[in-house]
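One chain, chain A, appears in both complexes that follow, with chain B as partner in the first and chain C in the second.
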Partner chain A sequence: MLRLHSLLVAILGLTLILAVALRPSSATGQTAAPQAIEIKVDNFTFSPAVVTVPENSTVTWTNKDDVPHVIASTDGVFRSKGLDTDDHYSFQFTKPGTYTYYCSIHPKMTGKIVVP
Partner chain B sequence: MKDIKQFVSTASGTIEQDHNQDGIDRRGFLKCMAWAGSGALCVVEAGVLKSTALGAQLGSMKKAGASHQLSFVQISDSHMGFSKPANPDVVATLKAAVTKINALPDPPDFILHTGDITHLSTPEQFDTVEQILKSTNKEVFFVPGEHDVLNDDGAMFRDRYGRNSKGAGWYSFNQNGIHFIGLVNVMNLKAGGLGNLGTEQLSWLEDDLRSVKHSTPIVVFAHIPLWTVYPQWGWGTDDGALALSYLKKFGSVTVLNGHIHQTMQKVEGKVTFHTACSTAFPQPAPGQAEGPGPMKVPADQLRKVLGITDVNYLQRRRALALVDSSLE
Partner chain C sequence: MTHVFNLRSIFLAPHAQHVVLIHFPIALFLMGVGFDWMAKIRHSARLLTAAHLNLAAAAILIVPTYLTGLLAWRLALAGQKMRGVLLDHLVLASATTLLVITTWWLRSRPRSRPILLALVELMGAIGIAVTAHLGGFLSGVNT
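And then the complex of A and B:
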C-alpha cells in the first residue's frame, strides 16, 4: 500500500510540475515573443510613426537629425534626455496599452506605440 | 484678421507682399528692403511701417532732427555646441556678430538674446556664449529657446539669467520710456501643438500691462514667433493671439522673435512683428524644404545669411527703426 501511495504521490507531483511547466506556454501560445523595434527620428518625423509590438518588447529611437529631439510620452510614462545626432533612447513596454508620444521640443512630431 | 500686410525678406532679395484691399489708408506704408549686403531698414512710426531705406538712411534721419533715445541689438539662435556641416564653427560666427555689434556707429545700450543660446543646454555651452558676449561690454537680456531647457525644464537657464524673472523665466522692465517684456513660449509644449505661453504667464502679462500708459511704446521679445508663421513646422504660438489681444490698446508694439533663423516682418495694425537671423545657421523658408532643419549653404555664403538686428528708438518721431544686417 505504501508503495502504491508513493507512486500515486509521485505521479500527482509530476502532473503538477508538468502543468505548471506547460502553463506559461499555453497562456502565451498565441502571443509573439518580445521584439526589439527600431524607430528612426529623421527630418522631424518618427518612422514608423505607429508601431504595434508584443508585451515586453523594447523600442529604440535613434536621432538622425542635425538637431536634438526629446522622446516623451504624453502621459509621462517615459521621457528621454535631449538626444543629439545618432544618440539612442530605449524603453521596454511591459504593460499592454496605447502609448502616444511626441518630441517635447518639437511637439508637431508625434507617434504611437500599441501593445495589445 | 483684417489689416494684414506681410513682408517676407529672403536671402535672394525677393519680397513677397500680401495686400488687403480693405480701404485702410496706407499712406507712407512702403516696403521693407530685403537682404542687400548692408542690410535692411524698416522704420516703424507710431506702430506703422513708415518708410524704408538701406542702412545709411538711419543716420540721415537722425540728422533731420529725430533725437535718438535708445538703441539695442537683438541677436538670436547662437546654438553654441552645434558642429554639423551647416556651420562647423558657431563660435567664429558668434564672435563675428560681436565684432559687428562693437563696430556699430551708434553703440547699443544693451543686447537682447531671443533664445537658443545653446544647442544642448550644457553648462559649457552657456559658459562659452557668456565669455564671447562679455567682449561687447553690454548687459544682455535673455529669453530661453527650446534648446536651452532640454533636460531640466529650464532650471539651469533661470539659475543663470532668471534672477529677476517670474514663473518659467518671464519678466518686464522699463528703459528710456519703452516697456520691454520678455516672454517664455518654449515650456510645457503640448503634443501636436505650437509654442505655448500658458495661463499663468498670460495673466501675469495682463496684470503687468495694467500700469503701462497706452502711449508707451512696447517691445515684446520671445523665442518662437508669437504670430503664426508656418504651423506645419511649429512656427507659431498656440496662445500667442491671446497675448497680443492684451497689447491692442497700445499705440506702438514691436514683437521680436527668433527660432526660424531668417528675417521676416509683418505689420498688423499698430503691431510690427519681426524675426531675427541666427548667428549659427540658416533654415529654409516656410515650406521650401522637407523640414525646418539646418540649411547647408556654400561656405562663402554662410555669413550672408546670418546676422544681427539693430533697433533704434527715435523718441521725437515715436519710431522704432529696425535694421537687419548680415555678418558679412
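And then the complex of A and C:
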C-alpha cells in the first residue's frame, strides 16, 4: 500500500514538473519587450528590408545616401520629411500589423515592418 | 506599391513631370549643337536651319523643365533647405538654363562671333551633361 502511494506521489510530482517546464511562454501573460531598431538607407535600399519587431518598438531610419529620401508607409500611417545625408526618422509601432513602406521619391525602394 | 501603368502616379507624382520633360531640352540642345557644328564644316544652310530650330525648341522647353524641377523640390521635399547633390544639381541647372537660352539668342543674331557661339555651345553641352548626370543620380537611375 505504501509503495503504491509513493508511486502515485512520484507520478504526480513528475507531472507537475513537466507541466511547469513545458508550459507555453504566453501563458505567463508577458510579451516581448519593445526594441529600438535601426534601418540603414544606403545605396537606394533599406537594410534590413524586412524587420519583425515587438509592439511599441521604435524603428529609426538613417539616410546614408548622398541624395534625399522620404520614408512613407503605403497606407499613410507614417511619413518622414525629406531626409538628407545622415538625417534620421523614427516611428513607434504601437499596433500589430504589417506595415509596408517605400521612398516616395524613389518608389522602387521598398521595405516592410512586421509587428506580430 | 504604385503600378507602372498607374496614370495617377505617372502624371501626378510630385516630381514626375520634371523627369519626363527634361529629356526633350537635352536631346534638342545636343542635336542643335551637333547640327550647328556640322553646318559649319559642310557649309550647309539646311543643317544651319535644323540647328536653329533645335536650339529654339530647346530654349523654349528648358523653361518649363526648370520650373517643374523647382516644383518637384517644393512638392516632394516640401521646399526644405537643399544641400549636397541636390544643391549641385540646382546650381548647374540654373547655369545651364542660361547657357541654353544664350546659345539660342547668339544663334539668332546674324552678327554673333562664331568663336563665342562655339564656346557657349560647348559650355552648354558640358553643363547639360553634368546636370543630367546628377539628375540621374538623384532619381536613382545612375546607381
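Rule of thumb we're sticking to: the second predicted complex is superposed on the first by the 86 of 116 C-alpha atoms of A that agree within 3 Å, B and C clash if a C-alpha of one lies under 4 Å from a C-alpha of the other, contacts with A are read in each partner's own complex, and residues count from 1 in each chain.
The rule we apply is simple: contacts are C-beta pairs under 8 Å (C-beta built on N, C-alpha and C of every residue); 3 or more make two chains touch, one makes a residue touch a chain.
Small disclaimer: the values here were computed from a predicted structure and weren't measured.
Novice: Clash or fit: chain B and chain C on chain A?
Specialist: Clash.
Novice: Of the two partner chains, chain B (first) and chain C (second), which one does A:Pro34 touch, if any: first, second, both, or neither?
Specialist: Neither partner.
Novice: Applying the document's definition of touch, where does A:Pro54 land relative to chain B and chain C: first, second, both, or neither?
Specialist: Touch status of A:Pro54: no partner.
Novice: In the overlaid three-chain picture, which partner chain does A:Gly82 touch, first (chain B) or second (chain C), both, or neither?
Specialist: Both partners.
Novice: Show me the chain A residues, by the header's touch rule, that chain B contacts in one structure and chain C contacts in the other.
Specialist: After superposing on chain A, chain A residues 43-44, 66-68, 70, 74, 81-82, 84-85, 100, 102, 104-108, 110 contact both chain B and chain C.
Novice: Applying the document's contact rule, which stretches of chain B touch chain A when the two form their complex?
Specialist: Touch residues, chain B against chain A: 82, 84, 86, 119-121, 146-147, 149-151, 186, 189-194, 231-234, 290-294.
Novice: Show which residues of chain A lie in contact with chain C when the two form their complex.
Specialist: 43-44, 66-68, 70, 74, 81-82, 84-85, 100, 102, 104-110
Novice: With touch defined as at the start, can you tell me which chain C residues reach chain A in the complex?
Specialist: Counting only chain C, the residues touching chain A are 1-2, 9, 14-15, 76-78, 80, 83-86, 137-140, 143.
Novice: Using the touch rule from the top, collect the residues of chain A that touch chain B in their complex.
Specialist: Within the complex, chain A contacts chain B at residues 43-45, 65-68, 70, 74, 81-82, 84-85, 100-102, 104-108, 110.
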